[in-house]
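Before anything else, here is the set of structures, which you'll find just below.
Each of the next two complexes has chain A plus one other chain: chain B in the first, chain C in the second.
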Partner chain A sequence: MRLEKCWFCSSTVYPGHGIQFVRNDAKIFHFCRSKCHKNFKMKRNPRKVKWTKAYRRLHGKDMTQDSTFEFERKRNRPERYDRNLAENTLKAIKKIDKIRSDRASDHIKNRLKTGKVQRQKEARKQLELGIHLVKAPLALAQDSSLCLLKIKVNVSQAQTEENQPMEE
Partner chain B sequence: MIQPQTHLNVADNSRARELMCIRVIGASNRRYAHIGDVIVAVIKEAVPNTPLERSEVITAVIISTRKELKRDNGMIIRYDDNAAVVIDQEGNPKGTQIFGAIARELRQLNFTKIVSLAPEVL
Partner chain C sequence: MVQNNFKKITVVPNGKDFIDVILSRTQRQTPTVVHKGYAISRLRQFYMRKVKYTQQNFHEKLSTIIDEFPCLDDIQSILWSLISKIAKDYVKLLKYGDLLCRCKSLKVAALGRMCTVIKRIGPSLAYLEQIRQHMARLPSIDPNTRTMLICGYPNVGKSSFMNKITRADVDVQPYAFTTKSLFVGHTDYKYLRYQVIDTPGILDRPFEDRNIIEMCSITVLAHLRAAVLFFLDISGSCGYSISQQAALFHSIKSLFMNKPLIIVCNKTDLQPLDGISEADRKLVMEMKGEAMKTVIGVLLIMSTLTEDGVIAVKNAACERLLNQRVELKMKSKKINDCLNRFCVALPKPRDQKERPACIPQAVLETKAKQAAEKEKRKTEKDLEDENGGAGVYSASLRKNYILSNDEWKEDIMPEILDGHNVYDFIDPDILLRLEELEHEEDLSPEEQEALAEIRKKKSLLIQQHRMKKSTAESRPVVPRKFDTDRKFTTERMGRQLSSLGLDPSLAINRARSKSRGRKRERSVDRRDGDDGDAMDIDDNQASKKLRLRSTSRSRSRSRPPSEVVPGEGLKDSAQKVKTIKLAKKSVLKRNKNARRGEADRVIPTLKPKHLFSGKRSIGKTQRQ
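And then the complex of A and B:
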């Protein structure tokens, strides 16, 4: 039993799933499901299809180089069964998997950081321009603290007397 | 799913190029032949000036089909074309070389010579 990688989307193909296609030059293509198989028959290039791992790696959306990938290389020599080795390997697989997924999500978070600053800037600008949608103009005029823009309010003597009860 | 009138490529060097299935060997009501079935075929195209020539009736065993081969462990294998290997009455191949990957099922069906000649066994 061997867990293969889908040729199109690079997800793991578990036993009992998917189709293997043997081309006339004896190259074998594994597919995880009929979606990938049909895309292959349509002669689509996975590097151009947005939801595949190949596209994401090529365009820097996902992590490409990491030392955790070294553990998952294809080995063709069968190992003699050793109970300790098997136990340690299973423990290691769990740990390495966790580390790899943490690093991958960090990679994506860092990638999205610059967008967050940009979005906040845009949001602030939009609030300034559209403050009349948020607060009524009358309320803005009365209480200048609600407005983000600096508005000059000419305070006359009569107005300050009216405000005094409010401040108390 | 090979039936009479199906054209098959020849996957060995037995000087025939293309076969047309005439009959599926087995139960008389059998409709389709799959990988590992023996068929009676007529040679539609052959390499010129060789012992095998056009419109000669021979037996062949099917090596690969475009219809998927399903295994008990859930593996499904599909090939790119329909191909056969020319054999004699005992099941020994007429040619000396086999081209292409061969499915493991042929070993269970006692085509050991074919399996041993194959470059790759799936």
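And then the complex of A and C:
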């Protein structure tokens, strides 16, 4: 019993699910559900279909190269059963999984970080420029409790002492 | 003359067919076309050829027929001479034929006369054909080979005996004369083939009254040189009494001359030999006596129904026949030639010692053991049968697995875990690789804590070192045993070791046992001052002391050292600097010698040993 990868979307095909198609040149295609199967029959290229893993990897959305991928490799030579080895393998799988998923999420976070920073910068700029639409500048200057901006104050001893209680 | 293969005789054609065949052959095989205008010699030749050809053909065919038939010699010559005479006459006439038509008519006449001759013998040909057909159906008997004849009254069991020892499937029925003609079967004995001939039953009648069927058996008995098995029905269930059978025996015993005779008492399952009446027994004994008188005779009992004794009879008959034949051969002249060709080579025995085949004891033992094992070994099938049969018991396939540890034989290993195939991850050094992987990752919080502690401790050490360095100039280099600050104590060692996580008790005990009882060394009092002999490396105390003692720390209370405080009596900062310098210089030498003050002139050891003893490598030892 083996878990296969769907040829189209690269998700795992569990036993009892999906369809296997064997072509005349003896190449076997596994599909996880009829959606992938029908897309295949329409001759669509998974690398161009946005929701597939192939697309995401190709366009750098998901992590491509990592040492954690080296652990999972189809082995054709059977190994003699060893209980300790089996135990270690099972424990290792969990750890490797965790590390891989952490790295993958880091990858995505990094990718999204520049966007986030940029959005923040834009937001700040917009706040500065557009506050006059919401509050009159004169009103803001007078009533410091309603200030939304940071007031630039000269640093001197007395004033810093004043500021400290306010900040707290 | 082929005697055995009656089946292979060619079909004898009847008269008309014969003629047709010959004439058409003549027409085909000889040239057919001839013209008037040819030379006369050529014409003559042409027709002569035809006549001759026809004559030859007739001759050939007739001679083949006659040859194949066993006994028609005289007819052959007559026919042949007739036809050749005709042919010769007409050939002579043809020699003088002058015209085409004359030659042709001569030829026609010749052929015609030959054909009439054949037509005349047409009925005989038909008769021959019938004979041929009849003969083809006869069984092929080789008169020269080893033969066994079975004879006796009807229904005594001859055919059933035949069925038992050969593969012949002869009809066996309760009525008499079931077997109407001869049947031949073959059997083997000592790697030789024996013919067994089954005959129809013979009744006790005068020779002239016998019918055709009986004559078959008689003829065969008379002419074949074979072993004779005379069958006797002991029980009388054939319908004829023993006396009748005995009478028959006596009447045909003349035919048994020079033939190995065996009297076979059949049907002993119905009536054992011992149970017959006195008179009958007497008759049987008489027959036996007769048999003994001939070449080699014997009486045997058997029953074809129970197959009891059948093989014995066959073996006896074959044996006797073989012996007789061998004897005869030995007596004949041909034997000398044969003997010359045989030579049996035996190795010459060296001495009287017997040397049988040598089988090592080990081989015998293993053979015996194997045999025992084979019986005792329990097969999987036996195991299955014991535990409930095929549907109930399922064999344990893992029983004979070869593993490092036999406890693992019944282990169930998962094939799938969290959406991964476990087999894809199996690697003997997976642990190593996992470690490497984890190294690539960031440090865990525990590791980071430990790292922070390490850094803190390291920074403390560095601070202490720096302080030592700054006052190194005016600090004395005192050996550890003069423990000024009393910091090298066992309690301190214990505290440090326990903070590292070790158990200090052993170390403390050892230190205490090893230390010599010293008198209290001259302890140097603690002093205030910039020189700060008080350098304690203990963690918490150190920093506290440093904070209290050092005067150069907090900025809020510090003054630059060169600043002149009014009231000191110095001119300016330069002068102050110089003063400080001079002051330090004066103290330096004293501090270096670990002197407490100006007045400290103590000599700890007046005569240190190393200065007052020992040889010199070079120089004198007068003053040391």
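Methods note: the second predicted complex is superposed on the first by the 128 of 168 C-alpha atoms of A that agree within 3 Å, B and C clash if a C-alpha of one lies under 4 Å from a C-alpha of the other, contacts with A are read in each partner's own complex, and residues count from 1 in each chain.
Here is the rule we use: a residue touches a chain if its C-beta (ideal position, glycine included) is under 8 Å from a C-beta of that chain, and two chains touch if they have at least 3 such contacts.
Computed from a predicted model, the values in this text were never measured in an experiment.
By the document's definition of touching, neither partner reaches A:Leu112: not chain B, not chain C.
More residues of chain A lie in contact with C than with the other chain of the pair chain B and chain C. By the touch criterion defined above, A:Asn24 reaches chain B but does not reach chain C.
By the touch criterion defined above, A:Ala139 lies against neither chain B nor chain C after alignment on the C-alpha atoms of chain A. In the superposed model, A:Leu129 makes contact with neither chain B nor chain C. Legend: residue contacts after superposition of the two complexes on their common chain; A:Asp97 is shown touching chain C, with no touch to chain B.
Comparing the two interfaces of chain A, the one with chain B and the one with chain C have residues 1 in common. Touching chain C in their complex are the following residues of chain A: 1-3, 12, 67-68, 70-75, 79-83, 85-86, 88-90, 92-97, 99.
Contacts from chain A toward chain B in the complex involve residues 1, 15-24, 26, 28. For chain B in complex with chain A, the touching residues are 64, 68, 73-81, 100-101, 119-120, 122.
Partner chain A is touched in their complex by these residues of chain C: 401-405, 408, 411, 413-428, 430-431, 433-434, 437-438, 440-441.
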